[in-house]
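One structure follows; several queries about it will come next.
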Amino acid sequence: MNILLLVISAIFVNNFVLARFLGICPFLGVSKKLSTALGMTGAVMFVMTLASIASWLVYHLLLKPFDLVFLQTISFILIIASMVQLVELALQKLSPPLYRSLGIFLPLITTNCAVLGCAVLVVQNDYSLIQTTVFALAAAVGFGLSLVLFSGIREVLALADTPKSFRGTAIALVTAGILSLSFMGFAGLVK
Amino acid sequence: MDDKSTITPRDLIVSASPHIHSGQDVRSIMRHVVYALIPALLIGFWVFGLSAVKVLVLAVVGCLAVEWGCNKLLNRESSLLDFSAIVTGVLLAMNLPSGSPWWLVLVGAIVAIGLGKAIYGGLGYNPFNPALVARVFLLISFPVQMTTWSIPGVDAETGATPLGAVKEAVSLGKTVMDVDLATTKDLLIGTVGGSFGEVSALALLLGGLWLLYKGIIKWQIPIAFIATTLFITGIAWLIDPAHYVSPVFHLFSGGLMIGAWFMATDMVTTPVTQKGMLFFGIGCGVLTAVIRLWGGYPEGVSFAILLMNATTPLIDRYTKPKVFGEA
Amino acid sequence: MKFRGGIHPQYNKITADLSVEALPLMEKYVVPVAQHLGAPGKLLVAKGDEVFKGQPLTEAAGFVSVPVHAPTSGKIKAIKNLPHPIGIPMQAIEITPDEQDTLWDEIKPVGNWRELDPATMKSAIQNAGVVGMGGATFPTHVKLSPPEDKPIDYLILNGAECEPYLTADHRVMLEQPADVLEGVGLMMRILGVKKAVVGIENNKPDACKALQDNCPEDLDIDFVMLETKYPQGSEKHLIYALTGRAVPPGKLPMEVGCVVQNVGTAVACLEAVRDGMPMISRVATVTGSGINRPTNINFRVGTLLSDILAFCDGVNPETGKVIFGGPMMGIGQFDMSVPAIKGTSGILCLQNDEIAQFEGGPCIRCGNCVETCPMGLVPSILGLLSERFEFTEMGDNHIADCIECGSCAYVCPSHRPLVQLFKRGKVEWRVIQEKQNG
Amino acid sequence: MLAPTALLTGMGLVSGLGLAVAAKFFAVEVDPRQEQIADILPGANCGGCGLAGCSDFASAVVAGSISPADCPVADDETAQLIAEIMGVTVEAKDPQVAIVLCQGNIDIAAKKYRYNGLASCASASLLGGGDKGCGQGCLGLADCQRVCGFDAVEMTAEGIAKIIPERCTACGQCITACPKDIIKLIPANSEIHVLCSSHEKGAAAKKNCGTFCLGCKKCEKFYGEIPQIKIDSFLALVDYNNPPTNPEVAEVCPADAIVYLPKDKQTGRYV
């Protein structure tokens, strides 16, 4: 039951993008097309899960025993950066169109607060390794859910007769706000 | 034979086919929606008195004024006559407590028309139902004012909605039996606390059925919405009647009726395919039931519809009808 | 079988009970060279030539091509670009009648269709310039020549006439039932099929009865009354309604073993074989609230619109639109000197107050168009895509399958010019496809 | 101090080595010139070159399937820079601008019917060529304005399109968009134009429009031996290879079809 609550919490109640406001940069940057959003979701899922597990291992096996907890942030960033590099290299080879459409946002996962936030939260909440894996995966799913929903809306908005001054990021931010408002309905589902 | 000469080609209209039209237009659709809301409005006036009238007038005038202002600011043709701002105004008013202060209503109007509709390019392009955007916005920004419900008949007193009373009791560890539940008759007629337009289930049902009869809304969304809510709340009630109220209570209380018949059927923000409408209705029902049963808010209809509005593009994408002759 | 979608407009078949009147000889005829889908014919005559009634003026330029013939005897006054019903001036032959109406002496019967071999009859039909009279004007002999690997099970006779106002086919079925069925038998022999099905909308029970009463004993023909619903007369939907077979997207009826012919075409085929008479006249409905005397007429191909309107006592001052064809798919005319041609099944004059006005308001996503589209498309999205020039995406959304029936625009509460948007999209999509295929 | 340093160095080494292996494994070849070229292109993605955008153009240049000078928007300098990167030479091209060859505004051009439908030239022209009586008249529904990526098309109050020469980059989008085929590219420094595209004979043209070329040949004769304006089936055409210079030719035209539009040499603006 605990695991289920963890999943619901990470996907809906404390959705990384819409409730915690983490990872806004790729949320706005790669949500113009559904296919790109799906690709980004995959990349984030991979990086987030592996990075969280690696961070957990580093934290519990190295930092804590050697009393080096103050190195938490820098070592996590190191882990995430190498993960992202790996994904980037792989994508460039395996799916060039996706690589091109993700553009600058792929390397930007490196400094993505959602991924770092996930690693930090895992440590902060003192999750076990299994909990960490589930939480990271669910958080990535939540990120993906909001990204996919949002890209669906933006594809339709691209066809709308939006006033010139609101086109692009402006209207996207307003829409994200309303989406976030509606996600507040999930508040209280997990106490 | 002289008539032959009256034809001057330059006066002839040329357009692409078809050359005839069914005669239905946006204005008449919107007008019918307003007509369908009249019974519920009258009950609201009767139950809550003059303050409800005040809220309605403020909301409608406010919405029209904001629409006019946005048209001017954005340099667009006037869209006041398409009645859509009036519908938004009426629905917004019906979703507010009858004792709402004037500024709350006006903020609602600005959010609904300005943020919910105009900046997307006006009617037809808004992804979210404008009235619901405003309601949820107000609910989160001004929780106190938005949950100060007048008790019918007693002007000065305030209390909880039927659903709110249940949620509070259960969260305090009591059982449903300890709560003085509103009777089904009260819920049907509307002599209970709540937003001024949502209290009378019967009047709303009447309006909804009339819209259905007129062919303005399609059956899929309201029926799927209501049935799904009934189904899930019903299962919960069967399992644990001490902590969950009966599905009938859920059916007639809160915003389910106005939501299912009038808000979830808003054409602009819901799927265009019939299969999609079915999914939309089911999704609304599931979310409503989940929020009502386990969420922090006593009422989930507005959130459910807004959330499903967000999924509309995806639903449309994956429920396209089969092209004729395609295997 | 019922097909999905469709609409129920006001039928206004005000001329259903009026007999067909033959038009008198006019002072001038204009015969466009291109009156069919496919390659226009090659000219056989020159300015100043004397021609006789039924004499070919052009010869077929290839297989998918048919000639046009002189509607009466007279002199060729000019051969030049003249107004054409499609809206753009096209090459046409102007004839000044000599008022003798002398028949060309080479017109003689080909023979009895029950004994002739299919190839002879097919060439007789091509030489007579017979094209589909439902409006698409596809050369009939081509439709009667399915490739070897596509066996045909049914000949389907289209008597649906689902367009509101039009009653030409209805009158043909009532007045020439024997000719219609003989024509069906002839086409069955050409195709080598044993079975024909006649589909008639159930608002014309009298036509169905007339045909049933005149059915030759040696022909196996079924008569089926169909639901009155637009577009019941669309080939694909008619086949589905009668046989339950669905023609796949982008394919022709022969894919499912069917050939569809219009009732008027059946009569034209019979006349071409039995009498050797080319297609120089046809039946059409002159109707609508704008015309002073609605009626059904038998006009010679090339008669000017102004002459036809005058024959029907002209139009009243409220007339805002003159349409060749029916109200759902017809083409609006703006030049009174256009000739009525082989594909002109009706001339509809509408008063200003009943004309659809396209306002181009925003789509409110009501879903009515999705519900009515008989092809299972999503017109609302296609319309938006066309407005934003997303033609490639329109193609991905099956714009090529749109039959332009107009049901979506008919029900659209925002009065969006959907068919116009789709026509544009189709043109652009074809260009994109050509580019892709090199 | 030693422990943290050792830890971070160790982690860095491990991930560095891992990435090095991965880089070998997933190696992809990219020509660096492609990026260099993409950087100096205008970046408007107008599609004027016939390709999908500037990055496609860059890869086409690298692949050798298109000349560095084929970007219609880039100026000479850019073309030379691209040529340098590619190690080839290109010839300088003369700057061009687009012009709408029609003056048939609502005051003088007759309509043949009342149009009801989309405000789009391409759609309107599907209905008998549009509502203008003249078959080569500007329909005024602004398709060219919508496709212009440089805001260089202006719709006049009288309902015809006009190109603003100092903004025009000669990308050719408007020419493709115009269903009436009345927009042409001309040398940017030419000043005398025949603003009519109708091949109709005089009488027919006159019926449809107040300003038209009736093919009277007065302009042709004006220039004598080597006419800089020539008549081709009832329409005068300016020979832009040998552009006319004497503005008095405009006075000769009986139907105001020839106009003299002097330009400021510095800014390219019409004076």
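By letter and in written order, the chains are A, B, C and D; residue numbering begins at 1 in each of them.
Throughout what follows, contacts are C-beta pairs under 8 Å (C-beta built on N, C-alpha and C of every residue); 3 or more make two chains touch, one makes a residue touch a chain.
It should be emphasised that the depicted structure is a prediction, and the values quoted were computed from it without experimental measurement.
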Inter-chain pair with the most contacting C-beta pairs: B-C
Distance between chain centroids, defined by C-alpha means - chain A, chain B (Å): 33
Interchain centroid distance [CA atoms averaged], chain B/chain D, Å: 50
Inter-centroid spacing, chain C versus chain A (mean Cα positions, whole Å): 60
Separation of mean Cα positions, chain D and chain C [Å, integer]: 42
Junction residues of chain D, two or more chains touched: 112-113, 116-117, 123, 126-128
Contacts with two or more other chains, residues of chain B listed in rising order: 9, 11-16, 121-122, 124-125
Interface hub residues of chain C, defined as touching at least two other chains: 87, 332, 334-335, 357-358, 362, 417, 420, 423
Arrangement of touching chains [line / ring / star / complete / other]: complete
Chain C contact footprint on chain D (complex, rising order): 112-113, 116-120, 122-123, 126-129, 146-147
Chain C to chain A touching residues, read off their complex: 362, 384-385, 387-388, 390
Chain C partner contacts - residues on chain B that touch it in the complex: 1-7, 9, 11-22, 24-26, 28-29, 82, 121-125, 218, 267-274, 277, 316, 320-327
Interfacial residue positions of chain C with respect to chain B in the complex: 3-4, 7, 9-10, 87, 164, 236-237, 240, 246-249, 251, 292, 306, 309-310, 313-317, 319-323, 327-336, 348, 350, 352, 354-358, 361-371, 373-378, 380-381, 397-398, 401, 404, 406, 409-415, 417, 419-420, 423
Of chain B, residues touching chain D in the complex: 9-16
